[in-house]
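Okay, so chain A shows up in both of these, paired with chain B first and chain C after.
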Partner chain A sequence: MLTFSRQEPGRRKQTGNEGIIMTSESIVHFHRMKDMPSSHLLGTGTPMCAGCGGLETLHNMYDILGEKTVFVNAAGCMTLLSVYPFTPFRGGWLYTAMASAPAGAQGVRDAMDILLQKKKLSTEDNMEVVVITGDGSAYGMGLSATSAAMDRNLNFIYLCYDNEGYGNTGQQYSAATPHAAITSTSKGSHGYPGFKKDLFSIWAAHRPAYVATIIGAEPLDLAKKIEKLQTMTGPRMLISLAPCPTGWDYDPKLSVEIGRLAVQTGIWPLKEYSDGKIKHTKIPKQRKPVEDYLKLQGRFKHLFEPQRDEAGIAEIQARIDAYWTRVMA
Partner chain B sequence: MKTASRIVGTAFFMTGYEVQDAPRYGAERRGAPIFAYVRADKSPVNERGIIRQPDLVVVADDTLVGMPAAGVMQGIDEHTVLLINSHENADTWRQRLNTAATILILPAREDIKDRAELPYIGSRCAAACAVLTNVISRDVFTSALAEELEQLGEKIVKQNLDTALTSFELMSPYAGIVKQSGLPSAADYQQPGWINLPFDDAAISAPAIHASATSVKVRTGLWRTMRPVINYEKCSGCWWVCSTYCPDGAINVTEAGLPDIDYEHCKGCLVCVAQCPPQAIEAIPEHLAKEQEMSAADPSGIKPPGDSA
Partner chain C sequence: MNRKLLTGNAAAAWGARLAQVDYVPAFPITPQTEIIENLSLWIDSGEMDARLVTLESEHSMITAAGSAATSGVRVFTSTSSQGLLYGMEMIYTVAGWRAPFVMVNVSRGLSSPITLEPDHNDIMAARDSGFLQIHCATCQEITDSVLMAYRLAEHKDIRVPAIVNQDGFYLSFTREPVSLPDADRAAAFVGEFDPENLQFKASAPLSQAMAVLGGGPYSYFRYETHLAVQRALSVYEEVADEFASAFGRRYDIIDNYRMDDAEYAFVMMGSFATKAHDAVDSLRNAGWKVGLARLRLFRPFPQEKIRQLLTARRAVAVIDQNISMGMGGVLHSEVAAALYGLKNAPAVLASYIGGLGGRDISQVEFFEMINELKHASDKSEPLPPRLLYTENELTEIRKLQAIAQVEHADIQQAGTGQAETDRK
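After this line comes the complex of A and B, so read on.
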């Protein structure tokens, strides 16, 4: 299904020239929470779960990117955003197979570039192409297509909302599942035996224009990064940790709390890559113990009940400590 | 409900019946109504699809009865038994629904505030079905429940069974009240009221949406079991907190700079309640909020001050 809708006049003025699209609001500069948009572009009434951390990231990102965007969506929870005849988007949306969203983005970008060249699309009407996929696609099935899109220096934005499993089909483990988490395919007493893949580094190794980690619970950090990537062209890659009440088994009201703890415990480092350099954008001054994050989630319950699994918790903590020791060295 | 239908289906099967059980739900990730159907007969069941004329309808969440999208009352007539899990009594429901069906109440537990948390409701409903149809013995029901919940561990099976068996006692005065109606014959089949559309080319017939943000037509507010209510006397006007954190973007900001919750779409995740710095947002059970709204002459009491809408 394809959605292409006309712009609503006067909502957000945008200027564009081939390839680069900037909203006039990109001059806003986000310094404080107060600078966050007070009206929201993404339509309400979506079928995402109550408390979905992925939706939280998307709606904040969309407010800044604006409506001149074509989303290219691989199969996953977010595919359900646009179920005919309903869509929360104001620009375009296209559905692709799980492994192919970056290839779909290439097609959309090429088509628009050709139309621009032939003057059949005015620079005013040019749109930014945004891939949106879950971690199942980004870390696994779609990694090859993503790698190829970066090789071709495709001018696009990629948002991976990382709920650390195949959410839409019932939270089977993915390459993004963290060590020890219970998933519907890792039900043993110790949870998932593997370790979360470092997609940030894999993406950064392609030397694209931009790579960043974000999270809905830190909207200011998110806004600054979106604002920054709007000034760039080429592949601009985002991974958002997406607390998922359904897959992670917690009360939806804790979504922001859990997201913030992911940053404060250091298990989800907020960082960015550009020009060959990696910068941490929010370094927790005093890292909280990771168990503060783990114990709120049913998927880690076995680390605390019936007995506390000291060794299991210590192992997870040690990996986080080692990461930050490397970063601070 | 899916599990409830499986328990009932398995229990019928163990009793020697031919059985179909199937859940039905939409594409929503969570929160929307879910139905499950069970068909059972001593002879082979050839009928397929949803049950158009149910002998028994069990409603686990009574807030669904009045919701057209849930279609609880579809196909109900004088031969149907309608069992509702509710705080209210059968008379109230009889008056409210004005139906010829037999209405029975499975008393809802008093201590439950949030209906998303109805404990053991599936097992309780399944046990009630067993009694009302009067063909499933207690022993068979016990084995069926144990089989269906086995993977959850012994403790949970026992908790479910203990609670379910109280439904056996509660419903025993009505044992056998559900009467099996004859299976519909193929000759009675009525075609759905389909409209035949002419063949159009892809540009017209492809499911393209040409309007912006049509999702607002979907009232996800119906999902809510708890309602966040802003106390504007406590609200310090820091809208950028709740309006930004609301995953659905369902908190608008008024001209006066105050947050205003869009109850048509708020799904009741309560992130705002957890994040509000002065703790000015309170969660109240949706059914109580609705009752208050209905009894209050002016439901606009929850609008922010200075907002005339």
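After this line comes the complex of A and C, so read on.
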């Protein structure tokens, strides 16, 4: 049985090039919410906005991955997690640049593997390398570096927190921005004219060890996925929808609700790819209308006020319906 | 010692091999590629115990070089020209990380127009980054400088990356006899890499390359890097002494040739200085008291040495193989800054730009420069900056322009002809 104990990260066995392998000594399996860690590992007092969905995902993920992790970061909101002399991370952190966090991970992983091989680093001292970037980096500037890291079968985890825009610079539209969203560079009456890029498929086309979509508001689904990828080596890729009160224009207290609605309306399908197969991990039985999700967010307000834009809402709904018809077929 | 005929690229690869590097992030670009091909061959055949990874760009390559060095392994990498500029964001970044590794740059002119041949605009673009810079004029110097560069970069009082520069084609593809240091003695000279606190390990949590808020901390860390780079001036002397006693070859910060009683001097960097070397001999034969000063260490900039060397000369010609658009030669400005305000600074400090994109600097031109220096210093008149170009070259480019115009006219005519047929 492959499980682990969160309280005793030191008991997880690690081997050189294979990264972290879990053992049967441990006890917890994520079946129910009550199996979830009750306190967070990541330090508090970060400068992230209240209700930051990206931070919620990071908390949930870090609790499970534990402190034997080196986070390699690209320019974005999360860069401000570690501001000298403070860091909320109990393991390692390296800020690189907007385009090359996966290459930074390559250097760290290779160096640690070389040191393990030369017995200059003990297996107890080995760490998992985790890239953390926003969507601007993942869908755009860093895509080439990410693609190449997968080509090289780099043994790492990639977390993209997808707040659907260049958040740190004031939420300009990115390749992850959904159709019709108002951003600071799509302020026209119809919002962003383009469509969100399907990064999951682009990543999966590389046939890495693992790709999954997650969201902080569904911690059990997230935990199961993290647990699963810990049994694997190679590129393990995660895209988390990251509700962003600041960029999406809603009250921070709605973050969890908006996250749940993203899943319940089917606009953010929770799924995973491994061994050439895609599986949906949480299929909404009765999909709620997408407007339940849209109307809570200021960036879609123009779809409802001053008049309802029936055609606009219907178009978004139709795309979601078409997606699910395709996958359920 | 093992004497071999080696290209500059092979000499660079030998430097990395003798330094027993652990890790080589790589990316191809002419005229540098042969370096990584050599290393890759040795690694695949088991002659070298290292790991080579080809990244998808120089931006990523330099990121990986920096992140591996800050994770505690000895890193070597190399690039050239467009590659160096493509990675420029990371050149500055990894210097700020204080990641000690060595990179060989094979100088090549920058686009545009695109060319393969050498000049120093690429390496000048890295001037302010925090990398040390050693400039070579022979293949022997390349192997030796790579070994010395590790000592400097990894020195606990310095800890910044270093670039060893060589000129594309003139060195990279030119075979010269190179005495390869014995592997054990080279290893003993370079020593083991002691990463000290630079390492990720579970038992010693560490956040690196963090953001700062405000100009206070920012300035502090920037000044720290600047001071560390400056410390390389004195550490260099120790390293050069040790190198000389281990291998019998001495490399000074400035390589002086017939400077002792020189009234006139050429100041240069890189392999084109060997052209000046020959010119100095001929000029000496013709009765001129002239010498050559070739800067090996460009960062840190040896201001004090420049002062000692050039004061009390009648006139000095700084020959830049680079051009700062709208300003002129970079080395000229720096030498001028070093000499500013000194009472016995040379009355004439002339600036010549030459050797762009591999353009030759002929012996005649060196003679002409000395004539100009003499003339100007006799009359105590400053010399305007000169862009070296001969009448012959101008005639040649005019011919090319004429051809381009004829071609253009032909195309236009053909285009009009087509339009007329269409209308019919």
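Please note the rule applied: the second predicted complex is superposed on the first by the 304 of 329 C-alpha atoms of A that agree within 3 Å, B and C clash if a C-alpha of one lies under 4 Å from a C-alpha of the other, contacts with A are read in each partner's own complex, and residues count from 1 in each chain.
As a convention for this text, contacts are C-beta pairs under 8 Å (C-beta built on N, C-alpha and C of every residue); 3 or more make two chains touch, one makes a residue touch a chain.
Fair warning: this is a prediction, and the values are worked out from it, not measured in the lab.
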| item | value |
| --- | --- |
| Touching partner for A:G45 - first (chain B), second (chain C), both, neither | first |
| Touched partner set for A:E67, first chain B, second chain C, both or neither | both |
| First (chain B), second (chain C), both or neither touched by A:M36 | first |
| Which superposed partner A:M112 touches (first chain B, second chain C, both, neither) | second |
| Partner chain(s) touched by A:L121 [first = chain B, second = chain C, both, neither] | second |
| Partner chain(s) touched by A:S147 [first = chain B, second = chain C, both, neither] | second |
| First, second, both or neither for A:E272, with chain B first and chain C second | neither |
| First (chain B), second (chain C), both or neither touched by A:S100 | second |
| Chain B versus chain C as contact partner of A:S82, first or second or both or neither | both |
| Interface residues of chain A shared between complexes with chain B and chain C | 67, 80, 82-85, 87, 89-90 |
| Chain A partner contacts - residues on chain C that touch it in the complex | 22-23, 25, 51, 53, 55-57, 59-61, 63-73, 75, 89-90, 93, 199-213, 217 |
| Sites on chain A touched by chain C in the complex | 67-68, 70, 72, 79-80, 82-85, 87, 89-97, 99-100, 102-108, 110-115, 118, 120-121, 124-127, 144-145, 147-148, 151-152 |
| Chain A contact footprint on chain B (complex, rising order) | 26-32, 206-220, 223-224, 238-241, 243-250, 252-253, 262, 264-265, 267-271, 273-275 |
| Complex contact set, residues of chain A against chain B | 1-8, 33-36, 38-53, 55-56, 59-60, 67, 77, 80-90, 167-168, 216-217, 219, 245-246, 251-257 |
